[in-house]
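Below is a structure I'd like to ask you about.
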Amino acid sequence: MFVVMAGTASEAEVLGVKSAILAEGLTPYDHAGPDRTVIAVVGDMGARKPALLERLAALPGVKAVTPIGTPFKLASREFQPEPTIIRVLDAVIGDGGLTVMAGPCSVESRDQLFETAEGVAAAGATILRGGAFKPRTSPYSFQGLGVEALRYLAEARERTGLPVVTEVMEPSQVDIVAEYADILQIGTRNMQNYSLLTAVGRVARPVLLKRGYGATIEEWLMAAEYIVSSGNPNVILCERGIRTFETYTRNTMDLTAVPVLHGLTHLPVIVDPSHATGKRRLVQPMALAGIGAGADGVMVEVHPRPDEALSDSEQQLDLPMFRSMMAVLVPIHAQLRRLREAGAGAARTAAEGRPATAATGDSTFGDRPPAGAAVPR
Amino acid sequence: MFVVMAGTASEAEVLGVKSAILAEGLTPYDHAGPDRTVIAVVGDMGARKPALLERLAALPGVKAVTPIGTPFKLASREFQPEPTIIRVLDAVIGDGGLTVMAGPCSVESRDQLFETAEGVAAAGATILRGGAFKPRTSPYSFQGLGVEALRYLAEARERTGLPVVTEVMEPSQVDIVAEYADILQIGTRNMQNYSLLTAVGRVARPVLLKRGYGATIEEWLMAAEYIVSSGNPNVILCERGIRTFETYTRNTMDLTAVPVLHGLTHLPVIVDPSHATGKRRLVQPMALAGIGAGADGVMVEVHPRPDEALSDSEQQLDLPMFRSMMAVLVPIHAQLRRLREAGAGAARTAAEGRPATAATGDSTFGDRPPAGAAVPR
Amino acid sequence: MFVVMAGTASEAEVLGVKSAILAEGLTPYDHAGPDRTVIAVVGDMGARKPALLERLAALPGVKAVTPIGTPFKLASREFQPEPTIIRVLDAVIGDGGLTVMAGPCSVESRDQLFETAEGVAAAGATILRGGAFKPRTSPYSFQGLGVEALRYLAEARERTGLPVVTEVMEPSQVDIVAEYADILQIGTRNMQNYSLLTAVGRVARPVLLKRGYGATIEEWLMAAEYIVSSGNPNVILCERGIRTFETYTRNTMDLTAVPVLHGLTHLPVIVDPSHATGKRRLVQPMALAGIGAGADGVMVEVHPRPDEALSDSEQQLDLPMFRSMMAVLVPIHAQLRRLREAGAGAARTAAEGRPATAATGDSTFGDRPPAGAAVPR
Amino acid sequence: MFVVMAGTASEAEVLGVKSAILAEGLTPYDHAGPDRTVIAVVGDMGARKPALLERLAALPGVKAVTPIGTPFKLASREFQPEPTIIRVLDAVIGDGGLTVMAGPCSVESRDQLFETAEGVAAAGATILRGGAFKPRTSPYSFQGLGVEALRYLAEARERTGLPVVTEVMEPSQVDIVAEYADILQIGTRNMQNYSLLTAVGRVARPVLLKRGYGATIEEWLMAAEYIVSSGNPNVILCERGIRTFETYTRNTMDLTAVPVLHGLTHLPVIVDPSHATGKRRLVQPMALAGIGAGADGVMVEVHPRPDEALSDSEQQLDLPMFRSMMAVLVPIHAQLRRLREAGAGAARTAAEGRPATAATGDSTFGDRPPAGAAVPR
C-alpha cells in the first residue's frame, strides 16, 4: 500500500510513519516529490492489512492510504508522479531532451572504438555505447575483449567527454564494469536474471535495462522493480524488439510500449532500432518513429566499417548514415517538444475527463523539478 | 520474369514483346514508368524458362530480362520503381502529403455520422471512414446498419466533400458497396479471403487492404498481388497491428512494416493506431510514430461520444482529442517532409554503396510523376 | 442465459418457455439431452435481464435459469453436456472411436485421387480428404481443379465407401460443394469469414472448421457459434497449428487446445499434423501426440508420390508411411480408450472436488447417448 | 568440421588427428561411438578451411571430413548418432524407458516435501523435483527456502532412493547446489544466461535445461552446446511451453519440438505439462501427448494440498491425480515402446528413400549401446 503524506507534513511525521511500518516487520520506501511525500509499504501483510491500513491512516501528517493497483510499486507513477531524471557527467536522461547513445556493437580495438567515439560525439551523440562482454548465442562466436575493452571505453570517455554504457553479464562482473563504465547495461537475455538485477541494484551507477525479447511490459517493469527495490533508483528502460512470427525483421519493435510505459512508470524510456530491426536501412525511420512515440532517446549501433564488424554487421550504421539520421532526428525532436510544451496540454477529452496528454505519456514533457538524481563519477 | 524495355523502345516494340509472351500461353503485365517500360511475365514456365529468357532478351527494344526475386510481382518496386499515387475526389494518397482517414467505427445513425464527419472534416481529415457491414467475432453482436449506413455515408460525402471508405465483407456485396463508397476496405479477418480479393480487383474503386493480424508482410503483399493482378492497381496497405504475447495492448503495432514496405512495394502505406492499440490514449503518440516511420497517412476512429459507441468504444477518439492530435501531426509531417526532400537524400552509406534514403523508403518522397492513377467518381 | 428444464418437464412446458422467450423478441435454442432440456436465450436483453430471468424461472417445468459464462452459447458444454456425435455414411465422429481423414492436399487427377483413396481406405482411413478449390497465398499458384475435382471425389466415394471432405471458399460455392461432398471444410484463412460461416450454417452437411492460424481458442469457438446458430449443429473442430516465432516447423501445433476444447465444448476435435508441422517425418509422432491429448481423430495428407505433388509436397505422406502410422495409431488409440473407460474415471482430485477426468476432456470417452446427429446423404 | 575416422582406425591414428588440429590452434572434441569415432574441430578457421580440410582428410585412419550443417556441433546427431543415456543413482534417462520427475514447485517445509516425495515414489516417479531457489517475477514473492530446502531434498533422497533435481540460479550457487542435488536445473528465464551455462558445464552433475519461453529450438540447442563444450555431456532438454498470443493456457506447449529434437540431437528430451499449461486438469492429457510425441519422460508438479501451495497452486497435481495419471501413462508408454521396437522400423518411405522411423526421431528407440554416461554420486 501507499501512504500519501499531506503536503504540510513535517519530517518528524514522515519518520513516525516509517517507524510504524518498520515496527510491523515491513519495509517502507519513501519518495519525496515536489508536492508531497509517498511511502510505499512492502512485505507480507496477510490478514492484518485492513487493520494496518486504518492504523496508518490515523497517524499525524497522513493524507491517505491507498492499495497499490500494480505488481510493481516503486517503479510506478502512483509512487512517483514526476519523471525520473538521470544525470551522468554532462548527459541528462529523461528531462525532455534527446538522449542519443551510439557506438559499436562490440569494442574490437582501440582504433575502431576511438574513430567511432569521435565520430558520434561530433555528430551529437550524448552517450557512448560499446560491448566489452558479449552474450553470444554460440559458444564459438567472438565473446568480446572483456576488461581490455573496458579500458578503451574509459579512455574514449576521456577523449570525448561522453559517459559510457556497456553490458554486464553476471553478478561477479558488476564491480569491475562499474569501475570503468558510467551506465551498466542489462541485456535482453538477462532481463529475468534476478541475481544480476539484485547485484546492479546495489551499485551507484544507473542501469540500462533492455526488454527481454519474450517479455511482457509488466514483467519488464517487475525486473526494474528488482533493481529499484535493491536500492538503485536510476533505471532506464530500453525497448529493443520482441519476437513474433514476422521473419522479415530480426524482431518486431513494440513502439507502443513507449507511451504505455510513460503512463505506468516514471522511469525514462529509450528505443534501440538497431537490434529491433536488424537492418541498417531501417534504423533511421524507426529512430524517428520512436521519437514520435515519445521516447526519451535512442540507442544505435555505429561502426566505421560495418562490413568488417565482428558482430551484428548488418545492423550497424556507418558514420555518414549516423550523421544523416541526426540531421533529421534532432530538429524533429525539438519541434515535437515545442508543440507538446506549447499547446497540446490544453485539450481535454470528454471521454476521459482529464487532459489528453497526461495519459499519453506526455507528462514527461510537463513541469519538472529542477534537479534529477545526479550520479557523480 | 521482368522484361525491361530500353528507354527508347517504341510502342510497337513493347507490343512485339507482349505478343511473344502471349504466344507462349503466358500473361504479360506492363508498367510504363517515366524512364522505361517493364513487362512482367506471369504463368507456369517450367523447363522452358532459360530458353524463353534468352529469346525475349533478343527481341528488339529489350534492354534486359531479369528473374523476379520476390513472390509478388506487380506489387514490387522492381516492376514499378515510382510510387503509386491514388486520387479520389480531392484526396491524394501516396504523393508525399498527409492522408488522414477518420470517422466512427460503426455508422450508428445519420446524426452520429454527420456530427463526426463535419467535425473531422473541419479538423483536417481528408477521407471519411465508417463501418456499414461489421465483421464481428460474435454472431450476437451489432452487425452494422448495412445499406442504410451506405446511404448515410454517401450523404455525408455530399455535405463534407470527403471521399468515403467502408468495409466490404463478401464478393456479393462488392457491387453495392462500390456504388456508394469511394474506397473499399478489406478487413483484417478477410486479408486472405481470396474470392473477395479477386472480386474487389475487378471494380474501379481503390482498395484499402488491412494487414491480417496473423499475417507476414510477404503474405500481405501477396494479398495485394491478388487485387492488382485482377486488374485494380489502386491498393492502399494499412498496418493495424499483429498478434503477439503482449496483452497490455489489443495488438502490437508493427511500424517497422512501413519502411520495409516502402522498400519492397510502390503501394502507399497507412497506419491505424486505433485498432493497433485498442486504447484511445495511445492513438496520438502512435499516429506520430507512424508518421515518423514514413507512413503516407493514418486511419483513426472518432466518435462524438465514445462511451456510447456500439462497438470499439475504448479506442475511439472524441472530437477534441482528434483536433489535438491533428495540431501535432500536421506540422510534424510537414517538417519531416521538408527535411527529407531537402538534405537527407545526400548521405551515402559506404556499407551499402548507394543512397541511404533509397533503401529507407524515403524514395516515396522523391521525384514523382505529375499524375497518379486518378479514380473519378 | 440458459433455462434448464426439470427432468420431468413436459413438452408443453418446454413450449411454454420458448413462447415466453419469443414474446420478448428474443430467440430460444433448445437442446434435449438424455437427462434434461436446456433452452438458450439469445438476443439483446439490456436492462430487462434481471426481471426476465425472474419471470422465466417462475414458469412451470423450469428448474433453473443461469447466466452464460462464455461468449459462445450453443457450442458450450453448459448448453449441451454430452458430446456431439456426427454420423456420415458409415463414419462416426466423436463417439470415442478413431476418425482418420486422409487423402491428397489437392486432387490433381482421377488416377492420383483413386490410387490414394484406395490406399488409405485399405489402411483404415474412415474419411477421404482432397482439395478441389485451393486457397493459395499466391494468385499464380495452382488453384485446384474445381468442379472437376468434386466429380472425382464423388466417384472415389462410390469406389471406397468413404465419405468425402473438401474445402469451400466462398458463399456462392456452398451449394455446388454440398452437392458432391459429405463434409464441408472451412480453411484456416477463412475461419473468420463470417459470410461463409453463415452460409455453411444453412446446409445439411457437417462442417470441418479449421482453426485460424492466428486465432485464439475463444475466437475459434465463436466461429463455430456462427455455424451452429445459423442452424447447423454438426461442426468438427480441427487444430492445424498456430503461428509463433519458431521457424523450424511450418506452424506450432497447439495440442493443449484439444483438452481445453473438450472442457469448453461438446463438439468433436481432430488434429492435422500435416499442416501443423509442414514436414512429413513429423506427422506420425504428432498424430500420436494428438491421440494422447484426447483428439477424436486426425487429418493427414497422403499422396502416392509426394515429390510430384502440385502443392504441399514436403508434408504429404506416401502410402507406406501412412500404413506405418496407422499400425501404431490404431492400437494406441484402442488401449487409451480402454484405460480411460476402465479406471481413470475413478480418481478424484481433492483440489478441485470433482472427477479429474471430467475436466480433462475425458468425458468424451464416457457414457454417451446411443444415437448422434445422423446426416444421411 | 567433423573428421570421421574409419571403423578400423587405431587409437594412435585418432591421436594423430587430434594433434594436427591442436597444432592449428583449434580445439578437437572426439566422440567414440560403437561403429566409429568422430572428431569435431572447433575454432576460427577463416580462409585456411579448404586447405585444412584437405590435409586432415589425407591423415591415416580418416574416412571423411565433412562441414557441419548446424551451428550446434557437439550436441548434434551428426557428431554422435546414438542417443545420450544418463544414469543417476538408479534412474536412467534416455534409454527408451519412462522418466517421471515429480514433486512440489517449491520446497515449503520438511513435512510437505517428505509427504510428496513418498507419495510420488510409491506411484512410480523416478526422480524427485523441488524448488529451493525460486526465480520469481516479483521481488516481493516467496523466493524459496534456499539451502535449508537443499538439505530437505537430500534427506528425501535418503528416504525414497530417488535422485533429486533442483534449480540453480547463478554461477556462485553452482557448487552448493551440486553438493546436495543430483541434477541441476536451468530455468526458462536463464536459458541464455551464458555465465551460468558455462558454470554448470564444469561440474559432474547432469543438467536439466529448460527451454526459454521465447527461444527457438536452435537457440535452445546452442544453450546446450555451451554446457557440453564446457565439459559436461549430460544435458537433458525440457520443453515447458513457449509464449504465443493464446491466453487460455499459461504457455503453448510446443510438442513438435520433441520429434524435431530427436532428429537434430542425441540428448534426451522430456516435457513439463505443468508449466506449459498452468492448469492441473490439462496435465494428464498433455503428459500423454508428450509420450505420444516420443518424449523420454515428463516432469510434473505435485503438492499434497495444491490450494495451500506458496507458488503455482493452480497447476500442481495432488497425489490422487498423480496416481491416476501414472495409471494411464505407464501402460501407454510401454505399448508404444513395444510397437516402435517391433515393427515400425520396417516401413520405408519412397519419398525420402530411408527408413521412416529414423527421421521421426524413433531412432531413440532403436539399438543402443549397453552403457550410458553413468554419473555416480
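Points to keep in mind about this one:
Order as written gives the chain letters A, B, C and D; numbering starts at 1 within each chain.
To be clear about the criterion, a contact is a pair of C-beta atoms (placed from the backbone, for glycine too) under 8 Å apart; a residue touches a chain by one contact, two chains touch by 3 or more.
No experiment lies behind these values; they were computed from the predicted model shown.
Counting every residue number used by either copy at the subunit A-subunit B contact, over half are found in both chains. The greatest centre-to-centre distance from subunit D, using averaged C-alpha positions, is reached by B.
Note on subunit A versus subunit D: their Cα superposition corresponds to a rotation of 180 degrees, in steps of 5. A separation of 36 Å divides the Cα centre of subunit A from that of subunit B.
With each centre defined as the average position of its C-alpha atoms, the distance from subunit A to subunit C rounds to 49 Å. The multi-chain contact residues of subunit A, meaning those touching 2 or more other chains, are 214, 243-245, 247.
Residue ranges on subunit B touching subunit C, taken from their complex, read 42-43, 71, 73, 135-140, 169-172, 189-190, 192-196, 198, 212-215, 219, 222, 225-226, 229-230, 243. Listed in rising order, the residues of subunit D touching subunit C in the complex are 214, 216-218, 242, 244-249, 252-260, 263, 276-277, 280-282, 284-286, 288-294, 305-307, 316-318, 320-321, 323-324, 327-328, 331-332, 335-336, 339-340, 343-344, 346-352, 356-357, 359-362.
Residues of subunit A touching subunit C in their complex: 243-245, 247.
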